[in-house]
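Before anything else, here is the set of structures, which you'll find just below.
The two complexes that follow have chain A in common; it is paired with chain B in the first and with chain C in the second.
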Partner chain A sequence: MIQVSDGKIGTREFFSILYGMMAIRVTDSTPNLLHETGLTAAWMMPLISAAVLFVPLMMMLSLLKKGDTDTDLLQLLTELTGSILGRLITFLIFASVFSSTVLNGRSYGDIVTVMYYPDTALLIVMTLLLGAALYISHRGLEAIGRTALLVVPVFMVTSVILVLGVASQLNFLYLFPIAGAGGWEVIKGGVGYSSFFADIIIVGVLASRVRTFEAYRKASIWGLWVPAFKMALFLAVFVMIFDYPAVRNIAYPYHHLTRMAMIGSLANHVEAFFLALWFIGAAIHFATYLYISAYLLGKLIGYPPYQRLLLPLAGAAVVLGMMPENHLQGDHLRKLLLQSTSVFFLLLPALLWGLDRFRKKGKR
Partner chain B sequence: MSDFLKRLFNGQSGQPEKGGAQGAVPKEAFSLVLDFNTKRFEDLFRYPLNSALKRRELRIPSVNRRAVVLFVDGTADSDKIAEQVIKPLMEWKAGRESADHLVDELKNNVLTISGRETVEDLNQAVAKLIDGSAVLLIDGENQAIAVDSAGFENRSVAEPTREIVIKGPKSAFVESSAINHSLIRRQVKDHRLISETMTVGTQSPQNISVLYLSHIADPQLVENVKDKISQADRDAILTLFQMEELLEERPYSLFPSTMTTERPDRAGSFLLEGHVVLLMDNSPDALIAPITFWSLYHTAEDQFLRWAYGNFARLIRLFALFFSLLMPAIYLAVVTFHPEMIPTDLLLAIAASRERVPFPTLLELLLLELTFEILREAGIRVPTPLGTTIGIVGALILGQAAVQANLVSPLLVVVIAITGLSSFAIPDVGLSVMTRIIRFTFVFAAYAMGFIGIALVLAVLLAYATSIKSFGVPFFAPLSPHMPSSRDLLFRPIIRKQWLRPLSMKPRDAIRSKPEGGDRQ
Partner chain C sequence: MRWNGWKLGMVLVILLLVSGCGERRELETSAFVSVIGLDKAEQDHQVKVTFQISNPQVNTTQSAEAQKEPPSDIVTITSVDLLSAKELAQSSLSREITFSHLQTIIVGEELARDDLFKHIIGSAIIDPEMRRETIMIVSKERAQAFIHANKPTMETRPHKYYQFMEDNWRKTGFSPVSNLNAFFQRTEGELFLAAYATAERDPIGIRHDDDYSAGEVPQDSGDPVQMIGSAVMQEGKMVGMLNGEETRISQLLRRKNLIETMTAEFPDPLNENYQISLVLNQSSHTEIEVDTDRSPVKIDVKVPLQVKVNSNIALEDFTASQKRRDALREMVKEKMEEASDSLIKKLQENYTGEPFVWYATARRNFWTVSGFENFEWGEKFKEADVDLHYEVSVTSFGEQLSPPAFKKFEEDK
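Presenting the complex of A and B:
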């Protein structure tokens, strides 16, 4: 018999949450950052990032497997690094999650005001977006997972439709030179931007909320590779449709792509449809981020009813998100954040794994 | 203590409250004197004033004792009493020893009616009388015999009016709980179909039956439902629909947590999936708990039609659901925020038709939408002979004159017509009304933020809908959260592959038949 209302989520819900967290990066300024570094070979970088992150993920999984079902990343931290260092690392994770919420929130607001509603105030867009995300996250992790599970299949199907919609305008030859800026550069870039998928490590804090370890393992492996492949596919499509030098200068290639998509000869402007889907995804994305931020902050300051932190955090995200003067500043900050956190999330599981080994040897 | 204080301040002297049928009936044993017993019944029913209590005095010839048969007018079948109670008594030839155990002898060997039992006290006897039984009192005995002679007026089993099918059984529940029981028993011929009877209403008690299959339904769920019923503390609950609201976990929510069906075959199929079915006198419906979105979205006919036909119907209903929710909002968003979506020719046509309309699109839309809702409400309330008037008024005034008067544009009439039609295609009344109400939220969201507004409201709506539960079962289970089931969700598999009961109902026995296909994990 399956317990239905135990507050835990299953494989598919967890996978959908991960997809909602990472796959949506295709639509913001992430492709620009990657194209800048990888040139025509940018599409390889997400795969490299995912491959590089796969090692720490496996290390974390091996640590989580040892504990009982209630073990999560935070518990591992306090157990292995001690209370003070553990708290410091928790704070770092919180800082990276929350600042990513702020900067991405701003970035999404910018996309709407730049691409779709030039007359709408940025503040209104951000308030509405984070307001909806606040409500969703307030309904709990179960609600986030279930909502994501309902819409993620739709996202997957529509992204295929989008690619098919522009298929006639693609030119394979634009992908060459295949190695872009050179193999070494591409690998370096892939490692440097691996924190695009660092969410896979961050969600370790929710490990105890997934029904079984097996479910967690399966969902996180799929949840790392499926978004990585989606990102790779779209990066390739962007290059194939806009060609190399131009793609660097296009601000939000995904949204330009939706403008070019045609379904039949009658529906030649379907971007509003994709806009709606994208924004549903964005609401779920920010709901997850808000939830994790509040959860971490609650643990950090020892405040168990962490749901009450959602409202102040959402408010702070709107206010802080309004601070950069324009979207270029925001993007610059985002790049800094990504590069600085990459190392952190790559090394964190390795550190824990090493400590675990060391402790075991000590015991022996 | 608090009771004492309450009584003190209410100025009552601590005696039990007077008035009310059951509350006032003392739990007293009968006396041996017949006239005394009869007098007490007459007092309770206010005899000369109230003509309800009928009595038939007689003398049982063979033992030479006086007896009285009491029954309440309108609840008991007097022919039955005459044929199966009084006649056998008169014709009875007593043996020598039978005078010693007169009550048992009469009950077991004389009365030919099938339902009969001994009652010991007044309270029990009055309850029986109200339920339509006749009570036989005999001089010199301190027990009475209640015989089941209930003869309430019933209409015959008719065709369903709300859940109509083209192909499939055509009987519907009626107002009699007994007939409804037999309709369900006819569907589910299983000795493990349990029917527990509970009483609700403190002043005017009514029986409510809780039906479930003991080898399938989750015992905790059954307990939960029974708990909820016993908590319903009202003086009188006349119909199942009042019970429905009392059982509801979220009475203010737009999302229902129980549903009613008037089809015995549907009630039967719910029973087989582990749901609990409630029946009550006076209610031509069965109440199903718990429910999911799928219970509201499916119809009985989906399973009766062939696989492709049934799924086509479901596909159409899915479209209808989305149209009913979103059509006006999408129209508004496209016209005001995203006109580039419309092909140029159509755009020009819309512009031309809107040119002479003085109102902004939102106002125009609300005006027509409101009129349509009024038309619908009027259509239900209007007496049948006037029914055609509604059609004429609706079609002529709204469709034709409003456009000619430049109140609305013709395209909007089409949009509202499709929306209205779609909401009629939604099978469940609750779901249909819910979409009609939520539609307005979408309209305002679209007016404020175009497609972004629609997207955000939809995301919030989904988050709410997926997080609510009906008796512990999530609303979208087993799709989201995902649980093993036969995938009889948006579409249905062929019946051979529906071997697994949805595990979201926590069935005790999940397997219907030999596994084939489906969704095991």
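Presenting the complex of A and C:
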């Protein structure tokens, strides 16, 4: 039956968006940050991050459930913390989302120019990437959701194919010593880098755009754990194929992995296939980020036709992304951003939950 | 918004279509390097790089147009590193050099034994065009001479030759399957085995079965190159050599054996005048246990081995009684253990490390990476007690129930 579009998305679309936002981190410099901290035990860190984030997620879900179906994170903020503090927090979320768009945009541009097209200007790659993202996000959340739903199953299948393609070259013994940098270091790292999955809290601002609360709850729980497990799997695969300490020296392990993959003995240059898919994934990733940035900025400055903000934001992302001299500077900024926002996103739902409790007591 | 979207869409579609032209490479403007040879140059800190460039027109449907062209072109450039040599080679070469089909790196032994080599290869891998699955071969003579001498009769195209040779290694075990990825895995003192090859002949007479190194195999006519045995590399430098037999055993002692089958000679247990050739393979992983708590370290290795009797020159009948089969099994076990023990002794005496990836098993006993690094596995291996056991099972006696009856006739006479 053809349904009339209501601008809202369902469980599968929302899950695909979340997958597109988080699972693609496997392919950029994220594994390097994790391997640097966790050494051979880096694969545990995403699972720790997800477990740590699961508590705030549950708190946020319990708050969203109480309200009517149109409640979202921003409404909760204004309701519970008041207009001024609410705006400040909204600004902080916007700042973290947009700066992550800028830094990741640069990082993805670097990957393309370093690994695949050494003679192409970075500016062109970034323009193309954010241009494609702009085009998708311009069509609205529903379009992002549908595009994601279309390609995410393909990504999942190809990830499995990729792992199978290198399976014969893996040695699970390289995962030992099991605690890597030491148990405490790994846990600390897992908590410190939990903002890799903080998207799960951020998308609370879109809660009212999901058809039902039940759909939102289901999609966000799956959307947290599936990317976390994928990340853990790939971190383990990277160590199993390159071995520690060599894995620390490889700039973009995912792209080296696609080069090493072989499907049969004839198809051994399959990276072009993965590059094409990866670029589509990146476009969806940035489309979501741009959309959320524009949405938040619109709310922040009280400008309802927020879709008009997409173009300036995309342009700003390209210009700002070109500023760091090389990817090391960008990575350094990214590390700072991740560590500072981790605490923020872990505590935000707890703060809201506490305020909610407090207010209820006051009423009674 | 509608008009805006249209315009944007049009621009994007055009961009999308033309972006493919950005970095296009035409087949006829590219020079595909299939083999690189590295040698020490006369001057310090200089390296001689030999590129063997495939001619893509040979052996294709276009070959009619290029009948007089050779299958490959060989260029040698002296420079400070691979990247600048690649650029300098362009001064004489009309086509653009690309490494995208590079499969093999040949290193002259002289350079491999030099401290310079780790700098050359370590900086080469930084180039994104370099692929980690490239095979590394150490040649006894200079790599340049090796590449020039290597003119196989059957394989006109050089990349096919190396690809087929590598496939062969998996079936004979004469050379280790050695790519750059494995080389860079073992940079901290672990031993890495690279295939050893030569186009020179250095006959040493007839030896026992696989006791040869490259160049020593008694061979008349045929292709000039022999690949057997391995070069032992430690910390990016060649420190020694293993012959064919030692190379095979070191493959068997790994947890994950990369060799499918190998054929080896043993003395016939029933008739001391003859040898018997047996096909060996492994049905399951070699089991390795390392006890790092005691000193010296104790290493237990259990090697499962399946034996097939596919030739039986003494024409002794193994199918007649269990006793005879047991004798065969015991003999294989004894000989293999003897050979393995002497290999381990040789390694312990000469090197600080092992090429069997046992360090990965030892890592299981440690909680943190720094704990393992402080343990100094290489030094501990030197002193280690290694307990080797082969578990031999004889699985097949070929396609004859018993050897032909010539012998019986002989005895009756």
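The rule is simple: the second predicted complex is superposed on the first by the 360 of 364 C-alpha atoms of A that agree within 3 Å, B and C clash if a C-alpha of one lies under 4 Å from a C-alpha of the other, contacts with A are read in each partner's own complex, and residues count from 1 in each chain.
The criterion applied here is as follows: a residue touches a chain if its C-beta (ideal position, glycine included) is under 8 Å from a C-beta of that chain, and two chains touch if they have at least 3 such contacts.
A quick note: this is a predicted structure, and the numbers were derived from the prediction, not measured.
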item	value
Fit-or-clash call for chain B and chain C when the two complexes are aligned on chain A	clash
First (chain B), second (chain C), both or neither touched by A:84	neither
First (chain B), second (chain C), both or neither touched by A:117	both
Contacts of A:12 with chain B and chain C, given as first, second, both or neither	first
Which superposed partner A:269 touches (first chain B, second chain C, both, neither)	both
Contacts of A:283 with chain B and chain C, given as first, second, both or neither	first
Partner chain(s) touched by A:128 [first = chain B, second = chain C, both, neither]	both
Which superposed partner A:140 touches (first chain B, second chain C, both, neither)	first
Stretch in clash, chain B with chain C, out of 441-449, 477-485 or 495-503	441-449
Contact residues common to both interfaces of chain A (with chain B and with chain C)	117, 120, 128, 131-132, 135, 139, 268-269
Residue ranges of chain C touching chain A (in the complex, touch as defined)	1, 5, 8-9, 11-12, 15, 19, 22-23, 100, 128, 131-133, 181, 184-188, 255-256, 357, 360-361, 363-364, 366-372
Touching residues (chain side chain A, partner chain C) in the complex	39-40, 114-115, 117-120, 124, 128, 131-132, 134-135, 138-139, 169, 171, 173-174, 176-183, 241-246, 249, 256, 259-260, 268-269, 307-308
Contacting residues of chain A [partner chain B, same complex]	1-2, 4-5, 9-13, 112, 116-117, 120, 125, 128-129, 131-132, 135-136, 139-140, 142-147, 149-151, 266-270, 272-273, 275-280, 283-284, 287
Chain B to chain A touching residues, read off their complex	218, 333-334, 337-338, 340-341, 343, 449-456, 458-460, 462-464, 466-467, 469, 472-474, 476-477, 479-484, 503-504, 506, 508
